[in-house]
Every structure is written in C-alpha cells, then in structure tokens.
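Below you'll find the structure, written out as structure tokens, and then a few comments.
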Amino acid sequence: MANSKYEYVKAFEQPDLLLPNTWIVVRIDGRGFHKFSDKYTFEKPNDRRALDLMNAAAMKVMSELPDIFIAYGISDEYSFVFHKSCTLFERRSSKLVTTIVSTFTAYYVHLWSNFFPDLPLTAPLPSFDGRAVQYPSVQNLRDYMSWRQVDCHINNLYNTTFWALIQNGGMDAKTAEKELAGSLAADKNEILFSRFKINYNNEPEMYKKGSIVFRDYELVEPGTVELEDDESAKTVEEAALSKTQAEKDRKRKAKARITVQHVDMIKDEFWERRPWLLSNKPGKVPKEI
Amino acid sequence: MANSKYEYVKAFEQPDLLLPNTWIVVRIDGRGFHKFSDKYTFEKPNDRRALDLMNAAAMKVMSELPDIFIAYGISDEYSFVFHKSCTLFERRSSKLVTTIVSTFTAYYVHLWSNFFPDLPLTAPLPSFDGRAVQYPSVQNLRDYMSWRQVDCHINNLYNTTFWALIQNGGMDAKTAEKELAGSLAADKNEILFSRFKINYNNEPEMYKKGSIVFRDYELVEPGTVELEDDESAKTVEEAALSKTQAEKDRKRKAKARITVQHVDMIKDEFWERRPWLLSNKPGKVPKEI
Amino acid sequence: MANSKYEYVKAFEQPDLLLPNTWIVVRIDGRGFHKFSDKYTFEKPNDRRALDLMNAAAMKVMSELPDIFIAYGISDEYSFVFHKSCTLFERRSSKLVTTIVSTFTAYYVHLWSNFFPDLPLTAPLPSFDGRAVQYPSVQNLRDYMSWRQVDCHINNLYNTTFWALIQNGGMDAKTAEKELAGSLAADKNEILFSRFKINYNNEPEMYKKGSIVFRDYELVEPGTVELEDDESAKTVEEAALSKTQAEKDRKRKAKARITVQHVDMIKDEFWERRPWLLSNKPGKVPKEI
Amino acid sequence: MANSKYEYVKAFEQPDLLLPNTWIVVRIDGRGFHKFSDKYTFEKPNDRRALDLMNAAAMKVMSELPDIFIAYGISDEYSFVFHKSCTLFERRSSKLVTTIVSTFTAYYVHLWSNFFPDLPLTAPLPSFDGRAVQYPSVQNLRDYMSWRQVDCHINNLYNTTFWALIQNGGMDAKTAEKELAGSLAADKNEILFSRFKINYNNEPEMYKKGSIVFRDYELVEPGTVELEDDESAKTVEEAALSKTQAEKDRKRKAKARITVQHVDMIKDEFWERRPWLLSNKPGKVPKEI
C-alpha cells in the first residue's frame, strides 16, 4: 500500500520562519493560573515555592536549549530570548515555541513535588501557552525586558498593598480594591508604611525585580569590552572560521553555570557589565572560591 | 513608575489567526524519541506501555479541550483535529498549538509512573513539538487522516519484519536493513510467515491501525443521517439560536465517554457510521449495558 | 567581483504561499478615487464612461490571466477570482496580487483616452491597491460575491436618491444626507418615485447589479450537469491524465469569448446554469449567430 | 436588503502587517520583459530610452510616496526603500507593495510615448510584479543595496562583452556564450579592450552603476553629523513633539528635488555624505546656482 495518494496533504503545511537577524522572545504564560493557585492555596501576594518552581523549570529549559541566552520570569509567566543570530530549527516559529513550552511544562510537572511535597498534583494539570515575538534592535529587546520588569514592579507593589489591606487590615477584596483605585505608587508606599509598618524597599528582591536567568561569567568593567559589530556581512572564509569558533563557544557555554538573579536590568549597567549576553560570546568563567 | 514608555514593544506581536472555516490539525511529535526510547529500553517493534501512555495523555487533552473532535496517534506522534467551525482562542495558531503541546506533555510526564512504575523519569525529560495545519475540505482532512494511517501500516509492517529478523532470525540491524531494502508489502508478509510463522494479520490492531480517540455515541446506519450543509451563511437569528444549541451541545459532549479504537478510518464506513464526528453535533449516548 | 558576500540578504524574503484548495479572491480598489473622480468631473451618481473603462481593463486582465474564472466590478473596485485548484505562481500571494494590480492599471491608463477622449490624463495618475483573500468553500465564495452585489445595490440606491435630491431637488449635499439618514430601501424608492418620477427598477442594470465578467459558454439546464467532486485525492495516473486535459482546457478557454453581464448572481440560478464557472472546466462554445 | 448576512466573509481577510522598526524594501520586476524588449527592439546591451523611462516612473513613485527615501534601479527592476520608522498604511504589506506597483505601472505606460515616440504601446501591455522584504539592521539594508549594485556590475560587464562579441565580433549568441563561459571579470575586460578597443571603465556610469533615486540635499563632510540613535523608546511627550517635527520634515521633503545618480553606494562614503538618507530627517536644500 503506497502512501503517495495521500501525501499531497503535506503541501498544506505553511512555512513559519522568523525573520533573520531579529531577537526572538518566546513568552509563556500559565493557563488559568488564577484558579490553579487557588486550588493549591498559593500564598499571597507571592508564593515563594511557586516562584522557585518556575525558576527551576526555566533553568532546565535554558540548560537544554543553549541558544537561549537570557530568560526573565514574573508570576506565572516566563520570557526566553534567543540571540538574533540564532538558527535553531531554522528559526521555525512553531518549533521554537512548542519546544520551550513543552520542556518547561515537563519540568514544572516533574519538579512540582520538590517544591510542594505535601500537595500532589491532580488533574487538571498545570499547562502553559506561548508565542514568539521578534525584535529588530537591541534597544527594542531591552525595552521589552524593561517593560516586563516595570510590570513586575507595578504588579508587586499593588499586590503587596492589596494583600496587606486584607491580611493585616482586615478588609475584604472589594473594599481593598476600592481603596487602591487611582492610587499612585507613592500612595501605596505610604499605606504600607503608615498602616502596616512595611517598608516596600525591604521586600524580597525576587518579588520586586522578578527573576533573571543567564549563564554566569565574570563581570567586566563597563567600557573595557567593545560591543560586537554587525556581523551579517561576513565573507565566506570568516563564516567558516566562525563555525569552528561557534563550536568552541557552544562548549564553553555548556560548562557555564546558569544563575538566577533578582536585579535591575532596566539601567545600562546590567548589560554593560555582562557584555557576553548581547554579544552571544561566552565570557570568562569566574574562579570558584 | 508608569509603563507607557516601554509598552510600544507590544506592537511587535504579530497576529497568527488561522483561516476561518478550515479544519485545523495540530500534530505533535516526540522530540528525540529515538534516544528517549533507548534510554528507557522500550520494547521493539512496539512498546505497549509507551503507546498506552500516549493514548492516556491524548484522552486527557481531548477531555480538557472539547473543541477537539478526533485525534489519531501512532508511535510518538499524535494529531488532534479541531472542527472547521471552531473559534477557540479566536483560532490563534500559537495559542492552539502550545495549549495542546503543553497539556499533552503535562499528562505524559504525570502519568508516566502509571505505565512505567519501575522506571522513574530523569532529565532530560520527554518533550514534544507541534504545528498547526489547515485543511479546507472534508476530503483534505480525511486524506490527512488516511495518510497517517497508511504511514502507520507501512511503518509497522516494516518494523515488525525488521525486528523479527533481528530478534527471531538472529540478524544484526545492518543485515536486516539490507534484507528489506526494496521489498514490497507481500515480501514482508512472506518473510514473517515462512520464516517466523507470524501471520501479520493477527498482530494487535493497535499496532496495525494506530489509535483513534473520539467521543463515543451510538453508531448509525449509513444513509440514515443527513450530513450538515455548509452553515457559514446563517442569518443573525439563526446564529443566535445556534448559540443556545452550542451550549447544549457542549454539555452533551462533556458527558460523552472518550474512547480509543484501532479500526480502519480510510474507508467511508468509519465516517458514515459516526456522522457526529464531522457534523460537530453530539450523537446519541449509547445505553450502558 | 563575486556577489556571494551580499547574497545572504536573499534569505530575508519570506514565503507567502496561499493555502491550497481555497478560492482566491483578489480585490483591487481605486486609490483616492473620490478626488480623482472630482478632477475629471465624473457624472453622478454613475459615470458610464468610467465604469466601461473599469470593465474594459478587467476584461484585459482576464484575457491575460486565464486562471481567473470570474470577476466582479462596482464603482472603483474589482474582484478577481482564481479557482481553488489554481497553481499559478505557486499561489504566491504577492505575485498574484501585484500581477493583477499592475495589469489592470496598465490597461486603465492605456485605454483611458478611448473612454475620455477629451480629458487627457495628468499626474497624479490613477492607481489601485489590492489584496488577496482565501475562501475555503464554494458557499464562502458565493457569499463573498453576494456581499459585493448587495453592497452595489445598497450603495446605488442610496447614491441615486442622494443625487436626485441634489440634481433634481435642488438640495445641497448636507441637507440630502440628513434627509436620507436612517431611511430604509422602501423610503428611498418612494422618494425617487413620488418626488422625481424615477422608478428605481428601470435604472440601468449595470448600475443596479454591477458588472460580472466571465468566459461565455452555452447555458445549461439546471440539474443536467453534475457538479465536480473534490479531486484532491487523485492518483498519480489520474493527475497525469488531467495534465493533458488541463492543456486542452486551457486552449478552449483561450478561445472562449469574455463577456460582461449585469445580472443577479446571488440566487442559485446564475451558478447552476453556468456549471463551468465553479468546475473550472470549459463549457460548450455557443454557436455564432 | 441588509448586507449583514454576507458580511461574515470579511473575517477571512488576514492581517499582513510588516514588523515595526525594520527597513522595508519593495522590489518590482518587469513581467516577461525579455519578450517585451524584443517586441520593441530595445538596444543591446542597454537601451537608454528604456532605462530613462524606468527612472522617470521611479521618480514619480517617490514624489507621490514621500515615505520612500531611496530607490535603486537596474534593467527592468526597481527597489524602493521605506525607512524603518515608516508607518504608511500601518505597514500593511500588500497595500505598500500594490501601491508602488500600480503607481509605477501607471507612469511607465503613461510616459512611454515620451521615450518611445515612434513605438506606440499595444497589448499585451508592460506590467510589473512586486514583493516586500524586511531588513532589521542598517547593515542588512546596505548589504541589500550593495547586492543589487554588484549584480548590476556583473550583469553589465557580461552583457557588454557578450554583445560586443556579437555586434562587433560577428559571433552568434551561442558562440559568444561559450566564449564567456567561466571567464573572470579580468578576462572580459581584456576581451573588450584587446579585441574591440573598448575600455569598460569608460562605459556610461548609468550602465555600470545603475540608478539611485533620492531627495537631494547638501552633502556633508563625513564625521560632522551624528547619526541618529534608536528612537523606539521615546516618551509620550517626545513622540508628540516629533509629530510636529514630522509635519515640518514632510514639507521640507516635499520641496526637495528628487535626483537620479549613478554612483557607488557600496562604500561608506555615499552614506556618510548623505546622512539624511538613513536618518530620515531632511537635510539642507542646496542653493540654486
């Protein structure tokens, strides 16, 4: 029984290649996590175990997909970034997105019991959706990252105040919501401090800044490393050379330790001291102490 | 800190709506399952536990996503089909695909220990990629399904013979491969029967036909049910009516038992006796015996 | 000087293949034709010369692109339809659309002086934009055509009444607009008849029905010709046969006379009496009288 | 007769927005121009009239679409470039491409008789197809432009030698082709000089370099003008300011003279002395002499 009669159906698959030389962000989001966090009675406003689980899964994704050079997580969402020179899966959008979503989900489910040992998972299980977005310039990419980190701040300040009003102030959700309607950041800081003796600045960095995941190399002094030129127009020989180089880089990357940090990435400093992030060239492995 | 400065980056998200009135097939594939099946020493040519796990995960996907009306699995791949009238997630391609991939992965990992109680999963974990394909006509969709089922047959006949030559015939892989090069179906049947007393027709239906998953209603006599007309051009009133109807349908579907069967779906009979599949209207629930 | 250094830029061209087995409608629209029609003082509500020029250009497009089997024009827009089996330019969207737009524009400009002998064209010249839309089913396609023809009717009834109020009733545009705000079709018919002795039914069919362009074969009695089956799943031999047939069909099509008619295409009759339109098989050439 | 019943067909139009912050190149090509140039017996290897007509049409396109800041033409093709900040037609691909193709075609047909006064156009008329390509970085865009200009050089050197062998050397096409098979640039230069006393360097610049079309401002000394920063992340106030600025810029652009030049644009100098090209800010209008 030959299959040729039906094989024409393959022609209906349409290509979905992302544009070369763009930064690819794959953002995944928990599906129905409001309900899910209720089911497992996540702590409010932040559940440390749930965030640690997100981070653990993200680190596994990064270690299985070395083409990802940075990831950023807040709440039940995570953004994974491929370098603009990435050619993984020929830059097929659905392949890149589903691989990340599937790998993340696998580890989230598998590692769940490490973080919630007393709360076995039951159906419906947690799941995530995802999408790819392309950013042409470094500025666009950094603005995307800043956008997420500002969002983290805005949401966390709101949630911290909202839950303080409920947990410490005895309000119900509706009243707390009304109390905060139209309030500015300064107002919320003031509520926290004057009513509940909470100094927002002393809240855990993880909650205020979110989680940045990347391969860890030695920090450099700003200005001492030249940023890459655009390398699109390499000659054939240069491209061949850089293939060997790419192999070496891959190995150095594989050895690098993946770290999670909760720092500001909106200012230039974060990027200037870690030039290896945007250059996609591995840095110096820090000496073990 | 307002976020407006960075929000422009949202404009880089590009819409990926699938065309209305097309049948949507989401096919997922195990990533690196050749290596994966070695790691857990899957039985050859078919590992019953692995296939049962695939089917269990697929049934969970279908029960969480009632818009899927049929699914078909062979080996480490599964195809899920949305009816052409489906409007789930506004038919956004990446949302549909990632939701299926993530849900499937979650159950695959979670249910693993039910099927492989003695083989705990370790990193790297199993994962799946996926893509959506659109088919404009019922004929195209049925040809897609037939394509996959013919592929199942071709692969299984080959694998059954290949592994018989190795496991029963004492050949190594290379010799077996050479032996089968250019052989026709009849040749393979003959090898199986004359050398190993294996009648291919008696092999398990699951291996020969793959696994079809769908909601089970009473079979009908072919010709007794009229197939749907194209309903695209309904009046507003009809559309409103059908909204109530859709709600009723959804409930009846939710109650229907999801079944896995290993039968021929290439011939018309499969579809004619189950008119509810292509009509997307729930059939009669069979009486419990 | 080899060009290899720069050729990588070709990789940025992204494929834009339309889905197989869908009906392709390319609709073009005059750019800024409100201003354009003022510049050449087109007659209101309809300028016969301008519509005849549109039709002449459309006929030229159809005769240069035999893959188009029907076209429909109203005002400064024209829709050209490719059969769902069309493989012209591998169904590349931009190639199909730009070829039609360019060919149409060339003839519009070239034939202008035939229809407006006393009004030479000057810059800025007339131009058209265009887009391709895919319709999966015959019903969708017919609904598209009906949509345009209903639009023609609605607009023409409005414009006829509006300009009667101005030209025969002495109103200014604002007053006429106010007079018609919220009016039903019956109201407009009544205004035309009672105030201006205009029986809308007697208006020229071209204005009321728009212009349908197609290759003219003998009409058939409804029900005497079987409509095509879906032919997607042809065997290889059948496909080869049909290649020869396709060549014959092409020649018969090339000989067929292209006609412009102003008739109803919403009802079934139009399509039933011209089965060759949707079947994409040439009909019988009518005997010359 | 309300149209609501059919309006659902509008939902089948799929968005085709190009990615923000990318340079958009629309390249158009003459359809069947080999045959077309035979029909009107274009001179070989270059027909001055035909190239002048292409350039005249391109200048008209640029003057009607001020968002295009540079265009480049060789033979029967023309590339039009929109600045990466362009928001014309919301960056809808088909709208941008068809507008250029249609406007170009209109002027090509309309201006034909100025350049070929003795050769009236007859059907089939000349037409053009087109496509849009996105380039994320300035380097990519410049490499695209360099690619086309190198192609111009390679083709023109070949064609000049090929036609010298035929027109001056008495060869037929086949023999000339064989003679040139595998020859290097130096070989062709040598053939031209030693056999036909043609110094390729003295050939007209238009043939060797192609035609670059842009708005003409005063050249600047390289290094005296700072190139723009990435402006994606402007605050709302800055964006508002720049709206007024944009209006001013538009007016200054409208006044600028559009020029055609035949110079090298591969080296940096072309771009450095004309910083207004990539900055999209109008330069100083040169004093009239």
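Labels for the chains are A, B, C and D, by order of writing; each one numbers its residues from 1.
The rule we apply is simple: contacts are C-beta pairs under 8 Å (C-beta built on N, C-alpha and C of every residue); 3 or more make two chains touch, one makes a residue touch a chain.
From a predicted model like this one, the values you see are computed outputs, not experimental measurements.
S.K.: Turning chain A onto chain C with a C-alpha fit: angle in degrees, nearest 5?
M.R.: 180
S.K.: Same or different for chain C and chain D, when you check if over half of the residue numbers at their contact belong to both copies?
M.R.: Because over half of the interface numbers appear in both copies, chain D and chain C meet with the same residues.
S.K.: Identify the chain pair with more contacting C-beta pairs: A-B or B-C.
M.R.: A-B
S.K.: Average the CA atoms of each chain to get its centre, and name the chain whose centre is farthest from that of chain B.
M.R.: Looking at centroid distances, D is the chain farthest away.
S.K.: Measuring from the mean C-alpha position of chain A to the mean C-alpha position of chain C, what distance in angstrom results?
M.R.: Centre separation, chain A to chain C: 50 Å.
S.K.: Please tell me the distance, in whole Å, between the geometric centres of chain A and chain B computed from their C-alpha atoms.
M.R.: Their C-alpha centroids are separated by 32 Å.
S.K.: Rounded to the nearest whole Å, what is the centre-to-centre distance of chain B and chain C, using the mean of the C-alpha atoms as each centre?
M.R.: So the centroids are 42 Å from each other.
S.K.: Indicate the residues of chain C shared as contacts by at least two other chains.
M.R.: 5-6, 8, 12, 14, 19-21, 134-135, 140, 143, 232-233, in rising order.
S.K.: Going by the contact rule set out above, which residues of chain D touch chain B in the complex?
M.R.: Listed in rising order, the residues of chain D that touch chain B are 4-6, 8, 11-12, 14-15, 17, 19-21, 232-233, 235-236.
S.K.: In their complex, what parts of chain D are in touch with chain C?
M.R.: So the residues of chain D touching chain C come out as 1, 3, 5-10, 12-14, 16, 28, 31, 60, 64, 93-95, 97-99, 101-110, 121, 123-135, 140, 143-144, 146-147, 150-151, 153-154, 185.
S.K.: Residues of chain A touching chain D in their complex?
M.R.: That would be residues 19-22, 84, 134-140, 143, 230, 232-233 of chain A.
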